[in-house]
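Below, chain A partners chain B and then partners chain C, in two separate complexes.
Then we have the complex of A and B:
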């Protein structure tokens, strides 16, 4: 409970900070003016530039965090996150392809298609006759697939004219630059609907965490339940990617970080904590990327990477100690 | 009394091309305590999994009260048949009380609230395993014997007339083995629950069970009452073990003394 309040407080402070801090310094007065719809250049900066960007960061971070926690619970492995498994890269590449080809399809759908295609590819490649899907095999195959997809994306980008190439970068490494309220609404609505769907599968996740045999004995259709959670997880990852690009490591870190912060035990509590932690990490990383070097906006992925890469190394060493790698 | 007779009808079980059991037919009587015995790798656990519809037969069928297991609704079946696997997974940090609550899953709908029947079933299950005071304790903090009793409470809370257990006494010391088996025996006596478990200890099986199924490397060697099944000849057939079988001086059930 105390941890949940701390997490909420972090989210509030981070939201206020990311609206106030930037190239044009603003005061609390501007924040208030902006929120109640008042006038002035400060209020405009709040309403048009920074608030939608913060809203997109919160929504995308929460969606990625939820997706990560869903896959980590499903595969019972802290390394099983959609960014490490290549699903977010797949979603990003699909969006980049559809934009390059000039298709006008809804980006979350395109992203979901790319994410699902990657998930199916990883599952097929990792499947071993007689043993099914072993989490660690899935993860290693996923990492390889993710690299391959990124390489394709980079290749595609080099073929594009300058201006488009800069925009294409978003779908390879993630970016929160130039976001508007439409995108914020999109990620909140799509993400919210999918989060509700995931919450409905909370009981199934509870049972799956007891092992497949006991879950089946308790009346769960295990195969169907797994597919349902995986599809929802891919959808959530795609919802985040569609507005922010495949920001790396957020999905990987959010679950364990949220659980550590809030001490949540049940599946639903952990999912909520992961959403909160994902939102906080994304917001703070975006803020850091804007203010770290004056006058230059670094990609947000640089900062999630600064946090995420050491975490990943630490996690890997833990898994090796346990003898699971 | 609900009929909980489990039958295997010309059953072939295995994984891929490897057949573990072939053309096996047997019946586990309703309202009794049955043990499945046999050497390592003879397919005891595989057979139990087939009876719990966790694996599909390669050929033949498994029936509960005459109806094919795989043609029944999973949830409806989970209200009649519970299975405790050999190594269930414990979610991180779960308490005994929360673990036991999960046994109520087959009785609940997607959004249905926690009912009085659920509360009572969980309380009764904790009572049955003498763990009422430990509901708030994390499972990880308990001793091996207590942990096994907590898992038993989960399947007892499922409130099924038929209970299957895969090696429920493995990794327990002798007093805890006896504790678990007495508990199952009591459940059978008080609630009429049909109990089927895979066991290793022949003498304990003879003492606590009404019906034994002895498997060898080529399928069933014998089935029936303990004194009919545990004979020197059958033991030699199933295990390649030379043994003397005498009446247990305490209970009169067969006592296997390896030679």
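Then we have the complex of A and C:
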């Protein structure tokens, strides 16, 4: 309980900081006026520039965090996150493709289609006769699929004119620049609906975390349950990618970080903690990417890459000590 | 022996295609005249001599170096996924060069390019240690994940630096995926010498590296000092990869595709495998570059993207074949 309050406090402080800090620094008074009164110097900054951006960061981070936790529980491996497995790259490629072709389809839907196609591809490629899905093979095949997808993304960019290519490059790194309330609404609604769907599958996740045999023995239809959780997880990842681009490592870090912060034990508690941790990481990384170098806005993906890679290395050394890898 | 002849034929074809094909197609006769009696006013001669020849040299050196580096790394770690690109060694070299350009400015391009070597060396050592190589059990999964993490970290930093400097997208692309298109501006001469040195070190270390592959106790019984052989092998990888990245940027996946093919040609003798790997790496990179010039004219697909398009699926095929239990 104490941990959950700490996480909430972090989220509140991070939200306030990401609205107050930036090129034009604001005071708490400006924030109040901008939010409530609608007047004063801060109103534009708060209402049009920073608040929607913070809202998108919160929503996208939470969606990615939830997706990561769902897959980590499903495959019972802390490395099995949709970003490492290539699913977010797949969603990103599909969205880039639809933007390049000028299609006017809803981006979360396109992203979900790309993510799902990638997930199916990885599952089929990693499936071995007689052994089913071995997590380590899934992870390696996922990494390789991710490589191929990134290459296709870059190939696609070669065809774009200069300015659009630069924009696409930023987008593929993960970026939260110039987000509006429409995108915030989109990620909150889609993400919220999918989060509810995931919560409904809480019991199935609980059982799946015990291992397939035990889960089947306790009366779970393992195949169907897995499919449901995986589809919801891919959908959540796509909802995040649609507004923030394939931000690396948020989904990988959020689950374990949330569990560590809150000490949550049950599957539902861990999922909520992962959503909170994902949101906090995204918000803070976005803040850092705006203020780290005055006058220059780096894409947020650069920062989560710098943060997430050492985490992955640390995780790796932990797994090695335990003899899991 | 036939296979060696096939390799020789492949190299000749790759070289000819690299010189003749592109937006402007050059005939064999024109090529002959360009070499024997160059005319600075003939556009075909200019294309061959000033654009395609430097590019050919860059492709030959970078491809051979990356093919050999991948073969050494695969032998050292007993791991079929040990491409310097996947392991983050390329990214280490690219990061060092980009960082050097940020700090030193463009003042001395040669010095800046030479930073690729410490970059590659530190990254090679880091990924080897992080992947468990010092304890003698660098499993493919461990090593690949350590490499993926290192790659993500270093390439994030590379993009950050390039964006901070306000460079163009082309510069960013060069330092993230590699290309032969700016070959004429890269220090090919000095880097070829260094790559040659790396090749010699690799060839010299090969017999002992083979013994090391037999496993710790057995190889020690045969008089091999594991630490020294590992250091030699990593030095060779550093020289080869650093030179390749300084010329062509961080081109990935050559070191993944080349070793299995080299083994087909050379059998199980590491020294011969290295020779075959050099030829294969050079011809595959040249073919990838030429193909990249032809598929979407007038746009050009960089060689690094072409190798990744083929290399990604190869990675998946190899990963599928690994037996999880035996490899960790």
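Couple of notes before you dig in:
What we mean here is this: the second predicted complex is superposed on the first by the 317 of 325 C-alpha atoms of A that agree within 3 Å, B and C clash if a C-alpha of one lies under 4 Å from a C-alpha of the other, contacts with A are read in each partner's own complex, and residues count from 1 in each chain.
The rule is short, and it goes like this: a residue touches a chain if its C-beta (ideal position, glycine included) is under 8 Å from a C-beta of that chain, and two chains touch if they have at least 3 such contacts.
From a predicted model like this one, the values you see are computed outputs, not experimental measurements.
In the superposition on chain A, A:313 makes contact with chain C only, not with chain B. For chain A, the partner that touches more of its residues is C, with chain B and chain C as the two candidates.
In the superposed pair of complexes, A:207 makes contact with chain B only, with no contact to chain C. By the touch criterion defined above, A:156 reaches neither chain B nor chain C. By the touch criterion defined above, A:76 lies against chain B but remains apart from chain C after alignment on the C-alpha atoms of chain A. Residue contacts after overlaying the shared chain place A:4 against neither chain B nor chain C.
Legend: residue contacts after superposition of the two complexes on their common chain; A:123 is shown touching neither chain B nor chain C.
For the contact definition in use here, the chain B contact set and the chain C contact set of chain A share no residue. Interface of chain A with chain C (complex): residues 79, 84, 125-126, 128, 134, 136-137, 139-141, 143-145, 147-152, 154-155, 158-159, 162, 165-166, 169, 173, 248-249, 293, 296, 298-299, 301-303, 305-306, 308-310, 312-313, 316-317, 320, 325.
Residues of chain B touching chain A in their complex: 15-16, 49, 52-54, 74-79, 81-85, 87-95, 98, 102-103, 105-106, 108, 110, 155, 158. Across the complex, chain A meets chain B through its residues 76, 129-130, 200, 203, 206-207, 209-211, 213-214, 216-221, 265-267. Contacts from chain C toward chain A in the complex involve residues 81, 86, 130, 132, 139-142, 144-146, 148-150, 152-153, 155-157, 159-160, 163-164, 169, 172-173, 177, 252-253, 296, 299-302, 305, 308-309, 311-313, 315-316, 319-320, 322, 324, 328.
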